[in-house]
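Every chain is named by a letter (A, B and C) in the order it is written, and numbering of its residues begins at 1.
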């Protein structure tokens, strides 16, 4: 088995899976019917990507791995999503900010993966980027709306930005696997992404009148499988059926 | 009610070559959001290639009470329809 | 020319009898308008509240395939609620007002959603039975006399076709699975069967709205006719699954050409309708919470839009 490729696919898939999960928790609870439908659409897009990545990962892994064994039967420490996407749906300001912070990265990432010399990743990226362009436009527009809407919304957005900004750096900070994948022409160049990413992010924030935290501290660990305390609760929901009724077909 | 997002009417072109058709309505805070919402609400199953949104308040409609004077006068203008004209059956392509 | 109400009502009834559709701006009796607002909004509320019991299982769906199917289905229900609210709005009531009626407990919605969804098999049973019952009602409503309502129903029926199949496929999978899975399926059928039959409403003898609704072609079949139709269709499907419908009196009646079935527990029906079902409070609480927590978002979007259009006007003026 190609260990690095497999791990890389988990990293790609896990980000989409955990964010998709967070969005799916909102289904039926959105601030308006129209917005509810829009958020669910994004969740569906992300789970579609998860399936593509994990079907491919299952092939790479071999044995009797399936998309579901990969999605449902790993322990917390084996999940490689970034800390940002597991942050809870505290309020709509957090939902939108988390989404925009991820979408901006996701878009830059997929632009590069569209050039990947791995045919499968390349194909998945080409399909996903259309979806993510839409997510990005959606979340960016909402960032603007809420930051410049009312005093209340501005305040809530500032709180969300302050609390979520420290989770952003991890996204574009390459670990060993990501470096190896870049060297093979499969993965993205995160150093390049990082520059563009913060240009976009900081540009938008200053344009819409929001402050990034001054201290400049960042959290990390998700990509190595060390998560926040939220993660266990996500898995107890997500894996409930597979763990309670092992080895059954659904 | 005071804080309700305005209502928009949604028109979708299902494929190029066809006209936009009214498919329903939705609420949005502005036209840009109306387009996005229309995409999410009315094209979940690839129903369209183009979307128009119009604020419902901007639509002027004819009054059904004036049906008689508006539409009935057309009823006896049969000469506007091709079947009004008698041509020999053997004639083709006309 | 001014016409008397009696004359207009007679003309209106003639139009309906001729099978014409009524459109939003047409003259209509006040009671026709009110009845429609009530029925369409109840229907819309049912879609929205109906998202909750199934929504509870999205995060716990047992496979990725099941998860996306369920997510898409619950999302469709939001869409269907939206189409129906839009149809009600053509009658001169705002969606916010309709929400207000729902949130304050003034409006009704289908009682079935006041039952708890307690196992994964309930996702199967709800899709199969609850959607199955709803489809029977909705197919009838595609030919209802009020145009916007009928058109919303056409769109909904088109989209709903996958919902029931989704549910039944879950049931098939469970029934072909382990003993534990089959028990789960049987248990779900036991719990959802009678509430599903109640979805068609009180018996014709008890139903207060049926006669007028039939006359106006809002309804085209009575509650009892629709209920019988549902039972006749569903029993063979239960047999195919190898499950037992929890009704000892259920028997094919050769003479009638229909299944005979046992007495529905109408005490339970009225208890749930009046707000004392197992989940009435939770459902309303969830809806209220989403609405209240969304208030600042809706206000902000509107405030932003107003600022933007003010900016445009200024830049044009300069």
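Definition applied: a contact is a pair of C-beta atoms (placed from the backbone, for glycine too) under 8 Å apart; a residue touches a chain by one contact, two chains touch by 3 or more.
In this text the structure is predicted, and so the values were computed from the model without any measurement.
The innermost chain, defined by the distance from its C-alpha mean to the mean of all protein C-alpha atoms, is C. Taking the mean of C-alpha positions as each chain's centre, the chain lying farthest from the centre of chain C is A. Computed from the mean C-alpha positions, the centre of chain A lies at a distance of 35 Å from the centre of chain C.
Chain B and chain C have centres, each the mean of its CA atoms, that are 28 Å apart.
With each centre defined as the average position of its C-alpha atoms, the distance from chain A to chain B rounds to 41 Å.
Residue positions 5, 26-27, 29, 33, 41, 44 of chain B are each in touch with at least two other chains. Among the residues of chain A, those touching two or more other chains are numbered 32-34, 37, 41, 145. Residues of chain C in contact with two or more other chains: 75, 79, 82, 295, 298-299, 301-302, 304. Of all residues in chain B, those touching chain A in their complex are 5, 26-29, 32-33, 36-37, 40-41, 44.
Interface residues of chain A, counted against chain C in their complex, comprise 21, 24-25, 27-37, 40-41, 43-44, 47-48, 50-51, 54, 67-68, 71-72, 91-92, 144-146, 148-150, 152-153, 156, 237-238, 240-242, 245, 248-250.
Residue ranges of chain B in contact with chain C, taken from their complex: 1, 3-5, 7, 23-27, 29-30, 33, 41, 44-45, 61, 63-65. Taken together, the chain C residues at the contact with chain B in this complex read 23, 25-27, 75-76, 79, 82-83, 86, 89, 94-97, 100, 151-152, 155, 159, 295, 298-299, 301-302, 304-305, 308-309. Residues of chain A touching chain B in their complex: 32-34, 37-38, 41, 137-138, 141, 145.
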